[in-house]
Amino acid sequence: MTQTPAPLSRPQMAARLARDIPQGWYVNLGIGIPTMVADHMAPDREVIFHSENGLLGMGPAPAADAIDPWLINAGKQHVTLLPGGSYFHQADSFAIIRGGHLDLCVLGAFEVAQNGDVANWATSANDSAPAVGGAMDLSAGARNLWVLMEHTTKDGQPKLVTTCSYPLTALGVVSRVYTNLAVIDVTPRGFVLVEKIDGLSLESLAARTGAPIHLPA
Amino acid sequence: MTQTPAPLSRPQMAARLARDIPQGWYVNLGIGIPTMVADHMAPDREVIFHSENGLLGMGPAPAADAIDPWLINAGKQHVTLLPGGSYFHQADSFAIIRGGHLDLCVLGAFEVAQNGDVANWATSANDSAPAVGGAMDLSAGARNLWVLMEHTTKDGQPKLVTTCSYPLTALGVVSRVYTNLAVIDVTPRGFVLVEKIDGLSLESLAARTGAPIHLPA
Amino acid sequence: MIDKRVASVAEALVGVADGATVLVGGFGAVGQPNALIEGLIEQGATDLTIVANNAGTGRVGLARLMELGRVRKIICSFPRSAGSVVFEELFRAGRLELEIVPQGTLAERLRAAGAGVPAFFTPTGVGTLLAAGKEERTIQGRRCILEQALHGDVALVEAWRADRWGNLVYRSSGRNFNPVMATAATLTVAQTQHLAELGELDPDAIVTPGIFVNRVVHIPYGDPAS
Amino acid sequence: MIDKRVASVAEALVGVADGATVLVGGFGAVGQPNALIEGLIEQGATDLTIVANNAGTGRVGLARLMELGRVRKIICSFPRSAGSVVFEELFRAGRLELEIVPQGTLAERLRAAGAGVPAFFTPTGVGTLLAAGKEERTIQGRRCILEQALHGDVALVEAWRADRWGNLVYRSSGRNFNPVMATAATLTVAQTQHLAELGELDPDAIVTPGIFVNRVVHIPYGDPAS
């Protein structure tokens, strides 16, 4: 019996995604694993991070003795501002998002469908008080929407699906999914495999995926 | 034969209107005679002037040897900025206008109708390239729109009329008209006389006016 | 002389009426007009609609106002967060109306109110639960929904520095919703950490021109909670 | 390393295509990107649509571009002003299309393009000649017309200081349309009076964050003409 290869850790997932962000891109990172992407950027590649609460040029977390209590990100964590960074108000911040100026947004998700639909804000249609935050704006507004998430739920259910069962965040917007098992493009053909972790068979990956995975043409 | 009393000069018209602007009002003055209003404000009454090209707290014209070439008003004249003044961009400037934040706009006009319609931007519907500038925004957006103009045209035609014959700038927005002969409110009843220059008879004023002038109730 | 400074929070909140829609600035603990929220608790107005990014945390501030039964409805983007216990209780008990708005749509609806735009189209939210009941139209090939301006009767904001004309500047991420809300209300009240003399604020760097501000109260409370 | 500075006006204008819609900042002579307009004359693109507050004066700059027959259409609020001789000639001769837009609607349409608002309602212009053909609707008891976002292929703006990330600040009334247009175009090119090192511009006072700017060219031309 073959051993299941070790899936990527969360930092490894973040690092894998970080490798694909080109120099000069403007990027918004969602709460959770996506936030880790900033820590894995190659130091010689200048990428500019945006935060919904009105920052561009966000830098790493400060040392514990250098916290500026006035400077937080959208996840309410203390951050820093790089030289060249700027502050603006919430409407201007979302003008950046909604006006199509961000090259990339990286979000976590409950589900991604093969047509690019994404569900990441409400756990069921009966959840009457879900917290949407900026997820719908980011999904609709960023030039590229990449999802960074575990390949399956904790109890093994696929999160890459034919059709989302959770309430949608936006329709047909995801272009790429990075999981702990694979990198998958979302194309007009549906899911197309870009790469998978060493030692994982295509059959094994397919078994963990709720919609067909095509090979590149 | 009675002598016609001397109509107000343009500076006198501007001074008369200036007397009615309360302390603390935010005011935009149109090009032409309205611009003169600023020169006639009582020095102990603080009124804040706005200019469409992105100034609030505009001060008087500078001395000839103290011109700042970067500081002009919407009429492209050199001006000054008072302590407390601020600069903003054109969309923010018109957000002030269109969002109903100005207490008063004073405009010149070709015609004002008894229902408050104003025509001040195009000399005929056949004028295919009239310059509208901010007139329509100011007319629609200011809390109070006062018109400052001669009572009649150069050849004696009334400019206060039953219905405007020139292309309209905005509908039903003028609340008061200051002319070289009288101050007239625009009310649901139509034109209502507030005051007229000394020695001018009501009949004589009515003869120069294209719609009925009522006396205050 | 124009002087928008008032001596106390109580004076700053005179006239806030029952049934008012109150816009509350701040994002997380930063730029929150805490003294004005406390003042509103004291002041007594009830049946309020609160517009804010969050629905309060712990049992102080906005949460306390809600716990006292003074809030009829909350309009926000992120009601359920760590510590939003009062909101959860009241909402489950059916004692609080909730309107969830995507954060950017919330900011844009407030900006629209301040800028005289009664309604606008946006692609945000198309095809989701939050588009329910909204007019949809395809513009330039893109599906959009129609959103309405969101006016406040009152806006409570926090500034870093303010002068007697009501000009405001903010400190780094303390800016957030404050300048947008300042434009969107009939009565805008600012608490400021510092007062400045007229002319001290750089005219090229003023974020909220005084025309948007009605009252300024000096509350040098120091740093926001971590 | 991100470096948006380019060495010449020619380099700054690479790729401006025939048929492009070009947004041109400035109000009067202040904040006008004169060197970029001259560069556009040199560069050769034709069949242009120009969006600007005015339609040029004298026989230089925008007026020269029009006189050379390179402008198909002009979208502006104030075409006829002292010295707009070239515009008058071409327009009378039927060699120039004109779209007149109220100045605030022009600013708001540009802002909408930058902010992802494809269309919005406004009371400005209702019942006038400029409302012809526009959808009308009464909202909150007020008659409004629907206006569309106005995108540019290119925006030419003038800044006072700029850094290698493309952050811009402006000088007093030189701000005007420049920051709005900077947000509204696919390619935004800024000429700047001064270059700043990264970090030199106060992050609380940056007016145009670099995300809106593609190229920066240093043109220390001095004061605008009176």
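The first chain written gets the first letter, and so on, giving A, B, C and D; residue counts start at 1 in each chain.
Rule of thumb we're sticking to: a residue touches a chain if its C-beta (ideal position, glycine included) is under 8 Å from a C-beta of that chain, and two chains touch if they have at least 3 such contacts.
All values derive from a computational prediction rather than experimental measurement.
Novice: When A-D is set beside A-C, which has more C-beta pairs in contact?
Specialist: Top pair by contacting C-beta pairs is A-C.
Novice: Using mean C-alpha positions as chain centres, tell me how far chain B is from chain C in Å, no decimals.
Specialist: 35
Novice: Centroid of chain A to centroid of chain C, CA atoms only: how many Å?
Specialist: 29
Novice: Mind checking the centre-to-centre distance between chain A and chain B? Centres are C-alpha means, answer in whole Å.
Specialist: 55
Novice: Could you check chain B for residues that touch two or more other chains and list them?
Specialist: 81, 87-88, 91, 94, 97-98, 141, in rising order.
Novice: Going through chain D residue by residue, note those that touch at least 2 other chains and give them in order.
Specialist: 108, 111, 115-117, 122-124, 170-172, 175, 203-204, 207 - these are the residues of chain D that touch more than one other chain.
Novice: If I apply the definition of touch given earlier, which pairs of chains qualify?
Specialist: Here the touching pairs of chains are A-C, A-D, B-C, B-D, C-D.
Novice: How about chain A: which of its residues touch chain D in the complex?
Specialist: Touch list, chain A to chain D: 23-24, 26, 46, 48, 50, 56-57, 81-88, 91, 94-102, 141.
Novice: Going by the contact rule at the top, pick out the chain B residues touching chain D in the complex.
Specialist: These residues of chain B touch chain D: 51-55, 67-74, 76, 78, 81, 87-91, 93-94, 97-98, 122, 125, 128-137, 140-141, 167-171.
Novice: Flag every residue of chain C that touches chain A in the complex, lowest number first.
Specialist: Interface residues on chain C, with respect to chain A: 27-30, 77-81, 87-88, 91, 98, 100-105, 107-108, 110-111, 122-130, 143, 170-180, 207, 223-226.
Novice: Looking at the complex, which residues from chain C come into contact with chain D?
Specialist: Contact set of chain C toward chain D: 108, 112, 115-124, 139-140, 142, 144, 148, 169-172, 175, 202-205, 207.
Novice: Enumerate the contact residues on chain C facing chain B in the complex.
Specialist: Touch residues, chain C against chain B: 1-2, 111, 113-117, 163-165, 167, 183, 198-199, 201, 203-204, 206, 209-212.
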